[in-house]
Each structure stands twice: as C-alpha cells, then as structure tokens.
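One structure is given below, encoded as structure tokens.
By written order: A, B, C and D. Residues from 1 in each chain.
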Amino acid sequence: MKRGLLGLLIAALVLLPPLGKPYVLHVVIVILINVVYAQALYVIMRMGYLSFGHAGYIALGGYTSALLVTKLAITPWIGFLAGGVVAGIFAWALGAVTLKLRGIYFSLSVFAFAEVVNAAFRAFEVFGGPAGIAGVPRPALLGTRLNTHLQFYYVVLAVALVSLFFLYRLQWTRFGFTLLALRTRETERLAESLGINAARYKTLAFVVSCFFCGLMGAVHVHYLRFVSPFVFTFFLSNDLMIYVMVGGLGSYWGPMLGTVLLTGLGEQLFAAGYYKSLVYAVVLLVVILALPGGLISLPRILRRGGARERVLPVAADVTAARER
Amino acid sequence: MRRPMLALVLLVALAVVGLPAGVHAQKSFKVGAIVPVSGPAAAFGLGVQRGLELAAEDVGVFAVAGEKYKLEVVTYDTVYAPDKTVAAINRAVYNDNVKYGVIIGAGVHPPILPIIRETGFLDFAFAAAGRQITNPDNPTAFRIMASSDQLYQAYAVAIAEKLGGKRIAFLGPNDELGKNDAKAIKAEVEKLKAKGVSFVGDEYYERGARDFGPALLRLIAQKPDIIDTDGSPTGSIALIAKQARELGYNGYFVNSTAVLEAKAISDIAGKAGENIIALRIWASPPTKLYTELAERHQKKYGEAAPGTLWETYGAARWLVDTIVKAGTFDTMKVADALAGSTYAAHPFGAASWGGEKAYGIKRQIIMPIPAAILKNGKWEPFDVRSGKFE
Amino acid sequence: MLEIRSITKRFGGLTALQDVAFTVGRGELVALVGPNGAGKSTLFNIIAGAFPPTRGQIVFNGRDVTGLSSHDLARLGVARTFQQTTLFGEQTALENVLHGLHRHVPARVVAGLLATPAYGKEQREVARRALGVLELLGIAAYRDTVAADLPLGIQKLLTVAVALATEPVLLLLDEPAAGLSRDEATRMMNLVASEIRQRCTVVLVEHNMRIVAGWCDRALVLHFGQKIYDGAPEGLTRDQGVVDAYLGVAELA
Amino acid sequence: MDVYLHLIGQGLAIGLLTGILYVLIALGLTLIYGILHIVNFAHGEIYMLGAMGVFYCYVVFKLPFAATLVVILLLSLLLGLGVERAFFRPLRGQWLQLVVASVGLSLIIQSLGWIAFGIQEKNVPSFFTGVVAFGGVRLPTQRLIAAAVGVVLVGLLYALVYRTKVGLAMRAIEEDEETARMLGIDADRVAALACAVGFALAALAGAFVAPIYSLNPGMGLEAILMSFLIIIVGGLGSITGTVLAGLLVGVLQSVGGVLLGAEAAYGLVFIVMIVVLVVRPAGLLGKA
C-alpha cells in the first residue's frame, strides 16, 4: 500500500506543476527545501542527538556555492555539490571534537559553531559582510538560465528526490541500522563491545546530515539569488527541530509530515510573525505532551486503541525473515 | 486513548483558524505593506501599515477607468529577514495580485529586486541606502524617504557652519545599514577636509545590543566633538547618549535615520539627552496635516505615531492621485506619470521626484528635510539649509 | 590463549588488584570467584578493555592487547556481557542479535542504497543467522518482542546471545546467573557448559559457589585484589586460604 | 600610554559589573540544569518577564521599588513551580523532549510578549542616578547597586546550596537521582524548588537590568545566547564554574571591546569558548 501511495505522490510532484500558479510553486519549493533540511537533521536526531546549529551548515553550503559562482564563475551545478562537500568537511572537523560529548554539550557546541560561522560571514568583507552576496545566478541548462519558478522548481525537485531517496535507503543499510545502537551512553558502550567504533559512526552520521544540509542550502541560495548572515539563523535551526519533533522521530516519514503541515500552516499566518511562532509552539507542546511519538504515530495509536508502541524503524530488509 | 484524540481535535481547530478571512464586496485596490510587524524593527513596520490605513480612510472610494475602487491594505510580516521578504513578495504578486506596496529595509531588497523587475511591482522603498535600489535597472522602485546621500549633504554643511564641529566619530550597528552609513559619512567628511574637519573613528555593535560602554570608551579616547549614530534603532540612541555622558562625553550626537520622541529620550537619558540632533524630527510641525495625522494615530491606536507614518501616508495619497489621473493600474505607466508629477499636500510639505544626476533616474523623493535639536527635553528647530539635490 | 601478567590496578589510594597473574587455555571454562569488592569486576573490565591496568600486561593469542579499546578487542574476537544486563531496549530481540552480528555483515553501502536483489537475499541470510543464535539460546520465540519488555531471565539469555553473535574466540560473562531463579540459572549454565563451550573459551564472574562447583573446570579466587587460589573447584572447600576469606562471608551452598 | 591604562581600568570595572549580571542570568540556568538535567531554553524569556515586570509595577502602577522586587520574586517563583509541574515533570527522563519543550515554551512566552506588551520600546528610569568616579574610572551608580545586589544574590544561592538541607538534597540529586530517591529525598519537590529558584534568579536579573537597558519582548534571545556561552565555558551544573565564566566573559567582552572594538570582542569570546570546548569539553569546572 505504502509503495503505491509514494509512487502517486512522486508522479503528482513531477506532472502537476505546469498547471500550478507561480505562488503555489514557490510554496512547494520552500516545502521541498525544508523537507530535505528536516530529513537531514533527522539522521542525527534519530541517533538521540539534538542540534541547535544546523542552520550554520546550511549557511556554509549556501555561501560556498554563492562565492564559487559569483567570484570564480563556476557553474552552479558544481556549486551545489561543493556546498554539500564543504559543509561535510566542517561537520567532520567539528564532529571529531564534539561527538565525544553527549546530550546538551553536543547541541550547545554545534549551536556555538553556527554562531561563529554567522559572525565570520558578517565580519569579513570577502564574504560580503552584513550586506551579503547579491546577484547569485540561477543555473543554466542547455543554454537557458532557469529563471522562472517552474524551471527552477524541477531543479529543486530533482535534488530533493535524490537526497530523500539516499536518506531513505540509508536507514536500511548496516550503517543506518547501527546508528540506532548509539542512542544512549549505555547502548553505546554495548555497541563498542560488539566491535562498533561509536565515535566514527557518529561522526559519519553527522557528516551525511550536514552534507545534505549544505547541498540543499546551496540550492536555496540560488533560488533566493542572494545570501546574507540574516537568512540562515538560529530561528531556522529552531523551526527544523520543531518540524522533526511534531512529525515524530519514530519513522522516516515523520519529519516529512511535520514539515509539510507546519510550513503549510505557516504560509497561512503571513500577516504577523509572532502568530506563526505562537502556533508552532502550541502545536509543538501539544504534540510533545499528548503524542510523544509525534503525528506519524497517530494512525498506529488510533488503530491499536492507545497501545503506546515504541515505534522505531525496523530494518525490514535485514529481518526479512519476519513477516508483518 | 483520550489524550491523542484531544491533540487531534486541537490541531484541526488551529488549522481552520489559520484560513484567510472572507472576501470584500467592493472592488479593492490592494496595496501591500511588506514590512516587519514583529521583532525589533516592528515599530517601523506598523508605522507604514497604519500610514496606509489612514490614507485608505481619507481616499475613500475613487474611480479609475469607470470602475469604483477602495484602497485595501494587505500586510506581509517580513520580520526584517531576506527569505521572509522573498516569500512575502511571491505571495503578494503571484497569489494576491498585489502590484503596489511599501517595502522596508535596504538589507532585504537585493533578493526581491529581480522579482520586482520581472513583475513590474511598484515598490515604495523605505530604505536609506542609495544606489542599490534607485537606479535605471529598477524603473518601478521609488524611495519615499530622504536617502542617506541626501541627508549627509545637508548635514555635512551643518557641521562645518553651525556646530563648528571639527572631530567626527561614528557609532552604529554592525549590519548593512550601519556599515553603509559609516562609509557615506566618511565620504562627506573627506570633502570638508579643507575646513579642518576630520573623521576620527568608527565603532560597531551587535544590533539590539544594550551595552555600548567598550565601544564608546574607544571613541571618546579620540576626543570627538560630534558622534554620529546613524542606523541605530530608536531605543539605542538614548542609551548611547546616556552611557556616553556617564563616560564624560559632552559633545553633540547626530542621527539621520531614526525617529525619536523627546519624551522617550528624556525617560531613558534624562538630562544626558541634551544636544541630540535628529534629521528626521520636526521641532515644529511642518504642516497642519502633520499634526492632524499624529493626533488621529494617537486616538486610533492608543500610542505615539512611529516615524514612518507620515511619509507612507503622503506617498499613498500621491500614488492614488496619479493612478486616478493616469486612469490605469499599469505600473510602468503609473511610474512614469508619478515621476513627472509633484504633490503639494505631502505631510512634510511640497514634494517632487529627483535624483537623475545622483542615481541616473528620477526616483528619489525631494521634500523639505526635517531637523531638530533636543534642548532641555524639547525639540527645537535646527535650521539646516542645504544645496539642491538633483 | 589468554595470559594475565601481574596486573595491578589502583583507583587513587585504593588498590583494587595487586599483581594478579594467570593464563587461560583454549576451550577452558574458568570462573573468577570472590566476595563482593574482591576485584573480580575490575579484573573482568580490564580484560574486556573497558579501562587499562595501572601496571601489568594482557596477552591474547600471543599479542599484547593491554589498553586496547573495547571495539578493537571485539575485532580480535573478545566478547563480553554487562553486569546490568545492558541491551538495545527499544529494539526487538532479533535486532539486538543483528547488532551483535555487526562484524560479520559486510557494509555493502552501495548495494544497500540501491536496494539490489543480491542485497535483499544477503540480508535475509543474515537474518537467518541471527535467528539461529536465538534458537541456540532457546529464545527464538521472543524474536519480535522489544527487549525492554522481556522478563529478566530471557533478557539475560539475550545478552549472551548478542555477545555470542560476534562469534568470539573468548567470551567474558559478567555474573550470567545473577538475578535468575534456580531453574533459570541451571538452564543458563547448562547452555554455557554445552553449546557455548564448544564454540569458545569462557571466563565468567560468579560469586555463587553452587554454580562454580557445578559447571566450571577451574576456579580462580580473588581476595582484596590478590589471587589466593587457582585450581579445580572441588579443592575450594579444602583450601584454608579460601575458607578463611570466604566462609567468614558467605555460607557454602 | 596612560590613556590606554585608564581605558583598560575603565573597561575592567565595567566588565566586572556586566559580568555579575551575566552570572545572575546564567546561574538560574546552571541550577536548573544541575537538578533537572535540562537546559531551559525559556530562561531568556523569564529574564525578559522580570524586566517587563519592573516596567509595569514600578512605572505604570507606580509601586515603590522594594514592593516591585517582592512582586517579581513571588511571580517568578510561582511561574517556576507551575512550569516544572506542567511541562518538565511529565517529560522527566526524556531528555530530547524536555529540551524541545523548553524551546516551545520560549517561543510562546516571546510571542505572547509581543502581543501583550506591544512593539514600543519600554524604558525604566534609573532608580539611582549619578556616577561614582574614583581613580579616573567613572561607574554609573545604578550599575554599582545592581552589581552589589547581584553579589548578595550569588551569596544567598551558595548558602542555599551548600548550607541548607534542601541544598544538600539538590546536590544529592545532581550526583545520582536514583540513589537520592532511595534515600527518601522527594526528588519531585526539590526539582520544583530548584526550578522556582532558577526562574527567580533570571527574573531578578531582568529586574536589575531594566533601568540600564531599554526593553522589548525579544530581549530574552541575547540573554540566552550569552548564558549558553557562559555555562559552556564554566561547566554545566557547576555553580562556581558559572560565576567564574560569567565574570571572565564580562571582562573579556569589555576590555576586548576597548582594545579591539566591540565586533572583534564578540568574536574573541566565541573563540575562547571553542578553545575551552576542545581542551576541556566539560568546561572549566564541569563534569562531562
């Protein structure tokens, strides 16, 4: 059943857009970008790690591409990849140092890193200083520059589908499955005794997570055709965390659900900023207190009549012997 | 079982509340207020929103090419963030077919200028920064407030003659506004080198910061007699004055971007507020309309009018007059008609457009520049006569 | 197979172990015995690589592994269980064992990402191997139950299953029978002495004499960090040193 | 040369005064982390509520200064008890949910603040005007008084934690909550008290900052950023660590500001933090 639904969704995303108005395309583009950010953040949140500084890596990816394209006239297609790679490298560097820390220490150090990155972009003129970098061109394909909403929508869709497929499949690899063994200090010690090098796995997970943030950050900057230290801020990291928590940590589809719902809801509340954050916060607290598994756990709870099931992605392929 | 159901019901209720309100009976001419109405810069945004609302009341019903219209204000909160401004202009132009609007913030303009060019959106920019917005590539972008270049020309003359100031220092936020204003001031002060006026130092602080002690210490060590605080938010200027006096500085303060209420400054700084010169304050109301609007705002919204009210009101009334005369909503035609016209009933006084020499296109509003100096808690006229600004 | 050369361990002023030395041959079933606080767990954790000794060496299959991290030791074939029955509480029994198989499952990142048919077949094979380990421990029926919901007895068996899944050469069991009923303990020890013993050498920590005498071929008694007896369990009751150290504390079951 | 000496002296003095205020804010955060094991994101907002409380009590309702402080103290203690009971207790033990819930709480208080307090910047006239000058260093009296009270509050906290039975219970829970419960310590009651005291510290810090700075509902963000910095450098859960780190950051920012300029000083403080994180991940006096 789930395969069919997924196929339908992808077909709709590919075929329907030409009919949509530019504003609808804009909203779908923003949702697709946020979904990839949320799914990338989910990779480490699923591992029990909370990051308040993912906007820093998104900014790194965005600035890398913006600088490469505007200063060295490199084609944006390379800029996208470079954005992901640079974010990954910084993730590896910070990960090696901070992933030994657990819990709030890790979250705060990533948060501090993001603040330093933003302060650096603001301070040095080579990064465009507080004004940022304007005139970041859209990529060109077969000679035409993809300036209209529809054209660039397909770029965002392509990158999003590839990223989401990769992140989905990652769960069913041994690597994705092993990350589940590192959720707490005790299970980490047990994993170590089974030959799993916890530090290396956690760092790799952090690199994967930041690679996709950087990649999508670059695409985002080329969509805005602009980047400045005020675009990817602490508030973006907050929103992403809220999308993942409201959607639910229990399954791959949780963060996606949370992002689509809340971004859609957010679009309605365009008149005043603080109404949007008020609604986000109320929804977040209601879900955390009344629905710990997040919205994604709702169908299971309604069907089962309240059994609070520990919903964790089961390595279906790896346990094919189990029919369910 | 009960708790999840409760959660589900609450979520559905919230989603419904969010849906946009009903539809207006009469045909409406929508004007967007793409401004921050939350966050630190909210005061500026609300001034624009209310300026448009008061203008809509006064304009009432007007006819264009035989159809009756009322002016409807649609607010899009940008929270002064670039990506939110892009979302707002996308929604305004493509979803709500809003073709006209006031947009605050030089910092948020770069990402939306391409969209403004592509769609011909008529942008009344509330942003001091000069060339980036008003230039030949953006035929439908007008600046409805005095630009920083305009203000410094006026203010540079004031330093040399009236205040006899010789050593100018700058203290402002480390964002794009502060850095641009500092560059503009340095350029103007260079021109006065012959008169022995020199620029002695510039310091920056985190926007929204509260403690200016360290930065002021460095500046005061240079013995300045004028400290320019351009780009600083309203709340900070009084604090700067207070903390500077505490550190022994007793020269002048000059600000050409913020709008300051005398009472607000004396609340924070008390006597330390003396000798603040503001280039956006009218010591004595320039026109009867100016006072009327201030009183109507106090009655309607229960608080003093933010500084962006009058310029927005004036620009909105001028726009509607032009559209009625031109008999069309086509932004390119209206832009040309507007640029060529003058408007006597602007709250600041007679207004016209200029700026061909400075920016290569007539899109800079030319109107009397207010200036006042704070003397024992009251604004007194500070006569700043400057050369023409082409 | 395993040589312990005069291991000493001091925590600040306290000397937990003082010049303990012994060797364990391939296929032996050795019990580390001693009253609480005698240093059994400290010695056990040093062998398992949890923390390094203050002085002394550990040689495993002729190689000096002193101070090696636990995941490197695991790669050399040393597996262990924990005293507090540590398990992956949020995952099912089968998944816990799958983590145990980690070393023997090729990473196959590319195949995994592309979900190739070969990858699917290989994963099913891995699942069958995991199921086999559960069957060996007789707890296959619980394969889909989440570990945290299992009764203590089954959890204990599961911890052994997870350790066994790494196909170790040396299996270190930390009080495998602790907290179990008499029958469950008997069932556990029968398994250890039969199937498990054929697969690998076993060193277990135990302070219950009945278990040591019943199943182990050799007992090694620690008292205040020093080795006071190393020989057949039967000799325990006759050795004066052990009797003084022990009988003064616990009754001989 | 003496110009710089004077500047550094002045910078040092202001740095210490600001440092004490930073300590006050961060202490509440450390206390709550130590006992409840969460970093309360809504801490900055409580600081803001304290400042707004002074504006409404002292300026709008014309309450005398002492009465204002008492009102703020009581309200913040009540708020602390309420929040602990409604949000933190149901989520006890679920670390991830607790932290994200506190982020939600922070957003709610902030947005309600914007709606209730409006957008105009609020100002509170100084309770004590004038400047105290000695040895070429000029210090505003208002800040001196605020710093003095800050020192008293820190002293009271030390007394509470290290001299009273409740303090002993707090330290027991911080070491090992399970054992503490087994020894008959009512962990829930102590946690509620710790949360209340934490909130009170933040609110009082806000109250003392009110006359020095201008107020708006968003001022909590800077306070929480600075407090995070301080508890990372000082070491989570360590009161002495927080006090030292708070003073260090205050002085560093002020003297750094004087010598290198405000922007560089801000960067300097962050670099020091990254260095501390690398060298001693648990912070100066923290326990990892």
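Here is the rule we go by: a contact is a pair of C-beta atoms (placed from the backbone, for glycine too) under 8 Å apart; a residue touches a chain by one contact, two chains touch by 3 or more.
Please read all numbers here as calculations on a predicted model, not as lab measurements.
Participant: So which chain is the furthest away from chain D, centre to centre on CA atoms?
Facilitator: Comparing chain centres, C lies farthest from chain D.
Participant: Would you mind checking which chain's mean C-alpha position lies nearest the centre of all protein C-alpha atoms?
Facilitator: A
Participant: How far is the middle of chain A from the middle of chain C, if each middle is the mean of its Cα atoms, in Å?
Facilitator: Whole-Å distance between the two chain centres: 41.
Participant: Once you find the CA centre of chain A and the CA centre of chain B, what distance in Å lies between them?
Facilitator: Distance between chain centres: 36 Å.
Participant: How big is the gap, in whole Å, between where the Cα atoms of chain B centre and where those of chain C centre?
Facilitator: 74
Participant: Using the average of all C-alpha atoms in each chain as its centre, how far is it in Å between chain C and chain D?
Facilitator: Distance between chain centres: 49 Å.
Participant: For chain C, write out the residues touching at least two other chains, lowest number first.
Facilitator: Residues of chain C never touch two or more of the other chains.
Participant: Scan chain B for residues touching two or more other chains and write them down.
Facilitator: 37-39, 174
Participant: Spell out, as numbers or ranges, the residues of chain A touching 2 or more other chains.
Facilitator: 123, 274, 282, 289
Participant: Pairwise, which chains touch?
Facilitator: The set of touching chain pairs is A-B, A-C, A-D, B-D.
Participant: Where on chain B does chain A make contact in their complex?
Facilitator: 1, 3-4, 6-8, 10-11, 14-15, 18-20, 36-39, 75-77, 79-84, 86-88, 90-91, 93-95, 107, 110-111, 113-114, 118, 174-176, 178-180
Participant: Name, in rising order, each residue of chain A that touches chain C in their complex.
Facilitator: 166, 169-170, 172-175, 177-178, 180-181, 183, 186-187, 189-198, 310, 312, 314-315, 317-322, 324
Participant: Touching residues of chain A toward chain D in the complex: what are they?
Facilitator: Residues 45, 48, 50, 97-98, 100-105, 107-109, 111-113, 115-116, 119-120, 123, 234, 238, 241-242, 245, 249, 274-275, 277-278, 280-282, 284-285, 288-289, 292.
Participant: Would you pull the chain A residues touching chain B in the complex into a rising list?
Facilitator: These residues of chain A touch chain B: 21-24, 26, 30, 122-123, 129-132, 134-135, 147, 149, 224-226, 228, 230-231, 233, 235, 265, 267-274, 279, 282-283, 286-287, 289-291, 295, 298, 301-302, 305-306.
Participant: Taking the touch rule as given, give the residues of chain D at its contact with chain A in the complex, in rising order.
Facilitator: Where chain D meets chain A, its residues are 33, 38-39, 87, 90-91, 94-97, 99-101, 103-108, 110-112, 114-115, 221, 225, 228-229, 231-232, 236, 263, 266-267, 270-271, 273-274, 277-278, 281-282, 288.
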